[in-house]
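Okay, handing you the structure first.
Which chain is which? They are A, B and C, in the order written, and residues in each are numbered from 1.
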């Protein structure tokens, strides 16, 4: 009885506030926009029965999304931005995680804290910090002109480049931490064994270290890719008008155009794109957890 | 211990420089005399003074803290329950769905979570305000709490709970007297995480807020959208300062406890 | 003055404290315990011995209440314990990991079970002091578990599980985490405490020496079945199966068809052309039935000349010598290619050892030196 209650309370909470809302989003994505409050049709009405209600639902919004090139271009560009920045984050994060795992034992807690500290610091503030750096008259351009690399300021802020920098910067701890965790668990003598068996340093790294940190790499990549796909704050603060990202489109559709059904349809498609990586991510986490036990 | 190779030193130095220089610049320009956050015009603390005069900002900060305290506390209770169910619950119907609902919100884009919760609240006729933000924040931060607590529970020696039962505890007593005191540090860090996530959240709060409940991130966002302002730098510096003091002291405390425990263990072995 | 022998298992009047009746335990497809019936008597020190995965820990966890039998019944003092949850059983357990509560002091750990019982404060004090004295932990009462050594932790775990004066104490590999010397000392301490408190102990171990040292009776288990339940001496001297003979200690096993030659004596035709071996046996065999002669190496005598008047003597060549300090084991190869081990006590210094590699020697043993076992 107690056990049932223990399971039921968090279960019901999540079902009501996580699962049910998705069902509602799906339903509204099949409705039509209307000038009303809430601004969509049909409203569910018990008196007319479910049949009549379902009859009024249609795929009009989805057809609209396909016909209007803005939307599918945004999806594609989000995919491209998320993938590229995931790879960039991996490229930047792996050497840091690797260096941390190789560092002397007594440094590691400090290094770990230095990675976690930005993670606890406001996301919004960390994105905002780059606004001042990347601006035309900002710190980076001042530095580049001072060193003489460029003579005229580079336009970085309000471009897709700035979005890449922003994503890599803000999501870096999410990449470093799981990789570091995996590398930290690794037994140092494995590398020595590989070298003893004739591997060079480099091949020992590729044949032993990388495969053993695989689960960390996978977790890190998902932790960057999935949220980056729907990122809103970074493109709207650092990106330009030509930076298309679906999170921004959804936001504008909802807040500026007040077209809830289209916004819902945008969310439904985004979710469908993300279902596969989310399920893969969850499998990876579960495998990890079972390995720990 | 082997020495760090040059490659490791360079990657660590560059990596941490990348992580910290932007924040240092941000802090530096909060003490700038001038209105621009790019040109240094002398030292001044006037932006902190102006921030203290900004009633709307202070009001938003108050709302944010209220929301964070409530949501992180509820999330800690629910998240700890969920973690216990995940690690110790055994098999039950819908276990896969349950663990899916725990892990999915961790990576779910905020725009989707925010929009779907909003549509739910409208659907059931709940007025948007502090309550809806608390509900929304509780939902996603309980998942973080549950991940933190369940990783602690997974390494927890199960025979400690069995020993408690064996010595006459009911399952509830065993949890209260043995499990909870031992996992307490993880529960506390879960609470802190939930608290920070709530303080930090812009997107979900924007969807679920009403006119009476503007949180600090919403306020900051609408200010910085237009451009940079030294007043926001001052606010950011205060927030970074609080987090830094918190994180550093937490890690010092836990390091000291660890060192003390190691020393005592060594003494115990020597004296035996 | 005759000291009454403690062997309730031979007394038909004695009522067992624990009865396993046809108990089977399955985890999914895996059968951990297979139709097991066993009786354990009050004040016994009973050892469950077997390799890991043989089901001994499952048996113990069923007694403690952490698992329930899939089939069959377990009785404690005549009462079916299946419906009794672990916290309501008059059974306490000492865990392999000790499971000391890290946030509580030694004193609080020992008092934990008493407090749950609702015992008055002054009685708790008395009882805890008594337990601390029994386990010689008075000086460490205020320490936390991480502030004491492994041996002391083991004693805290024992004191904690004994504090409630259980009818039955279960010990799961209680000495596994201790080093050899400490383990041997602690074995005697355990026996001492068991005697003083008069509690029934059931110990799970994979260490045969430990089981032989501490237990009044040993149950040898394999694959969820009990192979033999007997006193340590009987397990060693009169194993009832090849498995038990082979599992406990070192043994020579010689296989062949037997013929009765009267008076409970059999001739074992172990090799074509070789003289048959003679052995006395309690078990009866039909002529031509295959049997195994199990003979311990220390029962085999090694000599240079052919000994006179012994039941069995074979000649061979020394192949290997394992020198263990107090003992030496000779591996002797017979002309048939079989290898027989013989053990002698090294009463002389090594330089004057009688035999060396490649020496031709005679091995001999009496008709009662070995046991004949069915296949």
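Everything that follows uses one rule, which is that a contact is a pair of C-beta atoms (placed from the backbone, for glycine too) under 8 Å apart; a residue touches a chain by one contact, two chains touch by 3 or more.
Keep in mind that what you see is a predicted model, and the values were worked out from it rather than measured.
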Identify the chains adjacent to both chain A and chain C in the sense defined at the top.
B
Most widely separated chain from chain A, with each centre as the mean of CA atoms:
C
Taking mean C-alpha coords per chain and comparing to the overall C-alpha mean, nearest is chain B
Of B-C and A-B, the pair joined by more C-beta contact pairs is A-B
Centroid of chain A to centroid of chain C, CA atoms only: how many Å?
59
Can you check how far apart chain B and chain C are, centre to centre, with Cα atoms defining each centre and the answer in Å?
54
Please work out the Cα centroid separation of chain A and chain B, and write it as a whole number of Å.
17
Looking at the complex, which residues from chain C come into contact with chain B?
64-66, 85-88, 91-93, 95-97, 99, 101-103, 112-113, 116-117, 143-144, 146-152, 160-161, 164
With touch defined as at the start, can you tell me which chain A residues reach chain B in the complex?
2-3, 6-7, 9-11, 13-15, 17-22, 24-25, 28, 38, 92-93, 95-96, 98-100, 102-105, 109, 111, 113-118, 120-126, 128-133, 135, 137-139, 142, 169, 172, 222-223, 226-227, 229-233, 236-237, 247, 250-251, 254-255, 260, 263-264, 267, 270-271, 274, 277-279, 281-282, 285-286, 289, 292-293
For chain B, which residues are in contact with chain C within the complex?
157, 159-160, 162-170, 173, 177-178, 181-182, 261, 264-265, 267-269, 271-272
Of all residues in chain B, which touch chain A in the complex?
1-2, 4-5, 7-9, 11-12, 15-16, 18-20, 22-23, 25-26, 29, 36-39, 78-79, 81-82, 84-85, 87, 89, 92, 94, 98-113, 115-117, 119-120, 122-123, 135-136, 138-139, 142, 146, 150-151, 154-155, 171-172, 196, 199-200, 202-203, 206-207, 217, 220-221, 224-225, 227-228, 232-233, 236, 239-240, 243-244, 246-248, 251, 255
